[in-house]
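Below are two complexes that have chain A in common, paired first with chain B and then with chain C.
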Partner chain A sequence: MTAVSTPSRRAGSSGLRRGEAAAGWIFTLPVLIILGVFLLIPVLMALWVSFSDWNGRGSPFAGDVGFVGGENYAAITTGGGLAERDFGIALRNNAWYVLLVVPLQTALSLFLAVLVNRAVLRGRGFFRTAFYFPSVTSTVAITVLWLFLFSTSGAINQVLSWIGINGPNWFNEPSGVVHNLLGVFGVTSGPEALTQGTFLGVSWWDWLAGPSVAMSAFVLMAVFTTSGTFMLLFIAALQNLSGDVDEAAMVDGANGWQRFWRVTLPQLKPTLFTVLTLGLIGCWQVFDQIYTGTQGGPGKTTLTPAYLSYNSAFISQEWGQGAAIAFVLFVIIVVFTILQRFLLRDRPVSRRRARQYEVRPAARKGTAR
Partner chain B sequence: MWQIVLYVVLAALAAVYIYPFLVQVATSFKTNDGAAVDPVSLIPSPFTWAAYEQLFLRSDFPTWFANSAIVTVLVTIGRVFFNSLAGYALARLRFRGRGIVFAALVAVMAVPTVVLLIPKFLVINQLGMYDSYAGMVLPLLVDAAGVFIMKNFFESIPASVEEQARIDGAGTFRIFWSVVLPMARPALITIVILSFQGSWNELSHFVISTQSPELTTLTKGVASLASGQLSQGSQYPIKLAAAAIMTIPVAVVFFIFQRRIMNASEGAVKE
Partner chain C sequence: MTRHTTRVWLGAGTLLVTGSLALTACGSGFDDSGGGSEESADGALTVLIGSSGEAETTAVEEAVAAWSEDSGVDAQVQVANDLPQQLSQGFAAGSPPDLFYLAPEALAGYAENGSIQAYGDELANKDDFYPSLVENFTLDGEFYCAPKDFSTLALIINTDLWAEAGLTDADIPTDWDSLATAAQRLTGDGQVGLAFGAEYQRLGAFMAQAGGGLLVDGQAAANSPENVEALSYVQTHLNDGSFAFAADIGAGWGGEAFGTGAAAMVIEGNWITGTLANDYPDVNYTVAELPQGPAGKGTLQFTNCWGMAADSADQESALALVEYLTGTDQQLTFSEAFGPMPSIESAAGTWTDENPELAAFLAGAEYAQFPPTIAGAADVISDFNAQLESLATGDPQTILDSVQSNLEAIVE
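And then the complex of A and B:
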């Protein structure tokens, strides 16, 4: 038995492992073909379309389809027309969405995980199920529910009215929350420096408008539906931590708060990175809820690049621009992921700190928890 | 004292997470006026089945449901078979190019799905599969993440098991099918759950691969309901009834496999 348990030595055509190479390729072939045909080839085709003037009729490789170079990319970034402005607005909307959703969902899911992970907690199965359930249901179903909850006569406004707040008509309210906040202090128009200058056809003042009230409802929905999934990731990570380090810190006199920030959190870094990355990637792809709910309205304030890409191609028949938007979005996601990896890389300081705690408590194994 | 605060916080949070779904079900039994007048109440008054009658007897809802069911079953079977085949090959079979195949899969996983909407439509259209079950199902038949799950699991099975079968003269496929695959039940169940959820809840792929009403899935149909088709005015009871029915299958799967889903990565931790 000892000889056969090291199969890697017996590669190739010898004896029992004959035909293995052929089998290997045959076994992986279905996956390779399907992913190749429906993933790799499509991306290459779309890349071509993004440089062409294809109008959606016939094949994009037909003779009458012309190569237009970077024209489609220029139209959405420097064109000065509606295409550029729409792209600018979509980026603005999605940037605010990311800026709010990613930190909120990460913090909330970590908070839930820490609460639910307590060993002495009764009914933690129930609580976990409650927090996780929204993650199982489809975005379409949740969006329908959200449209109802946040309608003018919906449950949210009803509850707000109990404490004397007159809730807005959420999904029909295009005003930005930052602008609204400034409005409370009497600031209704920006300084000239901000209103004059523009980026991607949108004035700086409008970039800073914040998410619209309608978009804020989507922000809350995203936090509601994703916190459960990420909570599970954090729970798994917490379970894998050895209690020793925590205990050593306790012996050293660290209080609960300090132990969380300086001992637990640094050890959760890999999971934190996963959650932030998944959150970031997901948040730049907002499509289903927009398609189901507001279709970009009101006043284009829930337009996102993903939805705009779909809309440009399938509705407006601007296939080149739609594909160009998709590729710009792709680049944005990749850049953010790399940036995050760079920012969250392991720094020597935290590692040394962790090691300080790791050395001592080895002898006390077993008494933990 | 501390303990009480903890439970109060948890209970409040749980209420926030659960209450919307209770309101959803309750509202589906309300009249239009009832839904508007008392949106928070969990007791429909007057109580009515009107929304469900409308959905099942006077709309395309049954067709949508059937389409979602067909697609979900086909996709799930395909994924279980193809993902485990590829996962097994990557975990156990030595063949030239295995490293490249693996690297390609990793690269594929990094491509955001929304970016693929237009590209997928182009290929489906070019292959003449637009507006057909083939176009809906084929592109979803495999997923790189599923291959990884299977690969990881197969790597954890001791090699000696297969060697025994090999000595007895079994071929590679036979070893895979009758020896290793039955041992992989936990991983297979995971794939079943993930692909069931994934394809039942899928929207964007069906949006770009179909247009005819006969091929509308639940997600697409309910999305069209949400934007006002079929109904005059808001008609929330019908929309919420549709959303509630749509949630039932995934909810059932969730509650059956709950322990596996919730404890997926906890291993042997005792509760």
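And then the complex of A and C:
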């Protein structure tokens, strides 16, 4: 598609007169200025702060603020102190959060979208609203609700007690889920190779701890609140799909399951990319829940880079480190997005796959696949 | 292709021009640190407080209004939702409030970057403050700001549960052994003997009683044998079930555990009395000094001071307001309104007469330690707290060793 449209656009632009280009710039100028003042310049200022020893008083561009090179970045990545370990712990927590939330919310939202998109379903409008409802509620309100639901004597533990499970003290339980699972099989301490080596001040064994029980509650919350939004995106995409293709597949004898995986899902790829990207960005920036809910506790297991950045700057007065954390986070998000773009790119059909579609008249005659 | 380049250059140019315009605008805004102060040059002082609730807000507002009337200087009280953040913003923008609540752990950071004014020595009532509180706000030999009030930790005992367990006044714990015995007898039937928060701000009292502390004579001493002994003592009784962390028995903090009857004794500060009066009026309690440890008595004190901004335009009036707010009468009024103890010795007599049942809190002022206030200490303590949460299964020596290495990194 791009191959076709590019030359035609160039042909169009060469016909544009000089005056129109200037008019175009004037029309876009307000947005450029707004973006510049409220986005680009603050970002550049923060970038400067991350390379400076600004201490939070007066202007970061004042004469007495010095350039310290990569010192702030070094403190959080190789400093060997508390700053490095906190950053390591925050990355560990958030990585597990992303690893669980992104696939779960994508799968759930797609599932819900397919359900409420079915023409036979009665009260579709009701279900769409119901599923979307958590998304329009403020994170703070939902966090408070969650703190009640998951308290020691809260509703979740009551329900668990009906089936004989003694629920954990959710938001006060710092133990990692993976570690707990291993504990069931009698593994309570890691092998030497994992406990000795460290990365960012956190041992490999602790990197593999999994999200803490407290973080798991936040994972559930994120899935609960964001699935509705992404469901809307998927519904929009599903309604755009032409019924012909589906019918053609039906004529070919594909059952519902095959039609979903082989026909519908591939057509949803652009939406899937959007949902995954938005999910990934949102998950790496998780802040509100932590700020209102746990402030990083228990045992720092819900500390996230975004919250740590806030904390280093505003509470500990380490503005340079706070800004540096923010930029490392930015790089992480960009890298993940590019990686995902690469993984979900449109690939030419492989030769092996293409062979399956070749029509071999002699052998296939009369047999339906 | 050329057209394309032109467009790119045009675009970049626009951005640059916009950028530099905005930058100069920002720059002048920032450099002009007098901006905020000029505003208050008409004499209006701003006072930013982090209030515990309606009672405190009203009391401070009334006091400041009364002072305004006397002195003829306008002063406004603002209540912060998030005090550290709003303070930081004020300092960065060059328009901080003139006076504000300042926590000791934030003192070093603000002192280092010159945000706050060291005015302690200019106070007329400087010698009236408790020496330990003055020390709490002294940095490199300079007394920075006037302690506004303070609290200490004590042992709060539920008298009904105490009597039910067959204990008498003679059993009120005086040392670690009698504390353990009492806690043991009060434990059972969904109730623990003694509860406290899983944080240095409570367990530090045991460390003090054992003769330890995080900083001793300005040196990091976190992994001293005394501290190990203190944590081991707590660990032993966490494991035998007579002590518990508040969070582990489903309470947000000690006061809640005590009010709901989940704990028969708690280690808390003066602030608990307000909660018990408002939320759990039916709970009968008595306050005792914390029991002695191997090295004698020990507790922790908590305080805030009236910070003054270095950029404040009218420091003379601000100083006068602080003297008024920390005066004997005014502190007694505050104490009655929202609970904390006066930070000055001249109010002690009246206070004890008015609150005989709370005398144990004030007695703690004699021997109280306070959490380290050097720059970066807050992070070390929060890391320590994170590890204390799993003290029951952890190794005190390992935990304290890691605290020691973190502390050594910030002690110079």
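Operating definition for what follows: the second predicted complex is superposed on the first by the 315 of 369 C-alpha atoms of A that agree within 3 Å, B and C clash if a C-alpha of one lies under 4 Å from a C-alpha of the other, contacts with A are read in each partner's own complex, and residues count from 1 in each chain.
To be clear about the criterion, a residue touches a chain if its C-beta (ideal position, glycine included) is under 8 Å from a C-beta of that chain, and two chains touch if they have at least 3 such contacts.
Just so it is clear, the structure is predicted and the values come from calculations on it, not from any experiment.
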- Message: Quick check for you: in the superposed arrangement, does A:115 touch first (chain B), second (chain C), both or neither?
- Response: first
- Check whether A:300 is in contact with chain B, with chain C, with both or with neither, and answer first, second, both or neither. second
- Task: Using the superposition on chain A described above, determine whether A:153 touches chain B (first), chain C (second), both, or neither.
- Result: both
- Of the two partner chains, chain B (first) and chain C (second), which one does A:313 touch, if any: first, second, both, or neither? both
- Item | chain A residues touched - chain C or chain B, whichever exceeds | B
- So, does A:132 touch the first partner chain B, the second partner chain C, both, or neither? first
- Tell me which partner A:25 touches in the superposition: chain B (first), chain C (second), both or neither. both
- State whether A:141 touches chain B only (first), chain C only (second), both chains, or neither. first
- Task: Please indicate which partner A:55 is in contact with in the superposed arrangement: first for chain B, second for chain C, both, or neither.
- Result: second
- Message: Going by the contact rule set out at the top, does A:235 touch chain B (first), chain C (second), both, or neither?
- Response: first
- Message: Under the contact rule defined above, give the chain A residues that sit at the interface with chain B and also at the interface with chain C.
- Response: 21, 25, 32, 37, 40-41, 45, 59-60, 151, 153, 313-314
- Report the residues of chain B in contact with chain A in the complex, numbered from low to high. 3, 6, 9-10, 13-14, 17-18, 20-21, 23-24, 27, 35-40, 82-83, 85-86, 88-90, 92-98, 101, 104-105, 108, 110-124, 126-127, 138-139, 141-142, 144, 147, 158-160, 163, 166-167, 171-173, 176, 197, 200-201, 203-204, 207-208, 218-219, 222-223, 225-227, 234, 236, 239-240, 242-244, 246-247, 250-251, 254, 258, 261-262, 264-267, 269, 271
- Query: Hey, which residues of chain C end up touching chain A in the complex?
  - Reply: 3, 7, 10-11, 14-15, 18-19, 22-23, 26-27, 30-31, 33, 84-85, 88, 91-92, 94, 106, 109-110, 112-115, 247-250, 375-376, 378-380, 382-383, 385-387, 389-390, 406, 409
- Query: Contact residues on chain A for chain C in the complex?
  - Reply: 13-14, 21, 25, 29, 32-33, 36-37, 40-41, 44-45, 55-62, 81-83, 85-86, 151-153, 169, 172, 174-175, 296-300, 313-317
- Task: Spell out the residues on chain A that touch chain B in their complex, using ranges where they run on.
- Result: 1, 4-5, 7-8, 11-12, 16-17, 19-25, 27-28, 30-32, 34-35, 37-43, 45-46, 49, 59-60, 112, 115-116, 118, 120-121, 124-134, 136-145, 147-149, 151, 153-155, 158-159, 224, 228, 232-233, 235-236, 239, 281, 284-285, 287-288, 291-293, 295, 306, 309-310, 313-314, 319, 322-323, 326-327, 329-330, 333-334
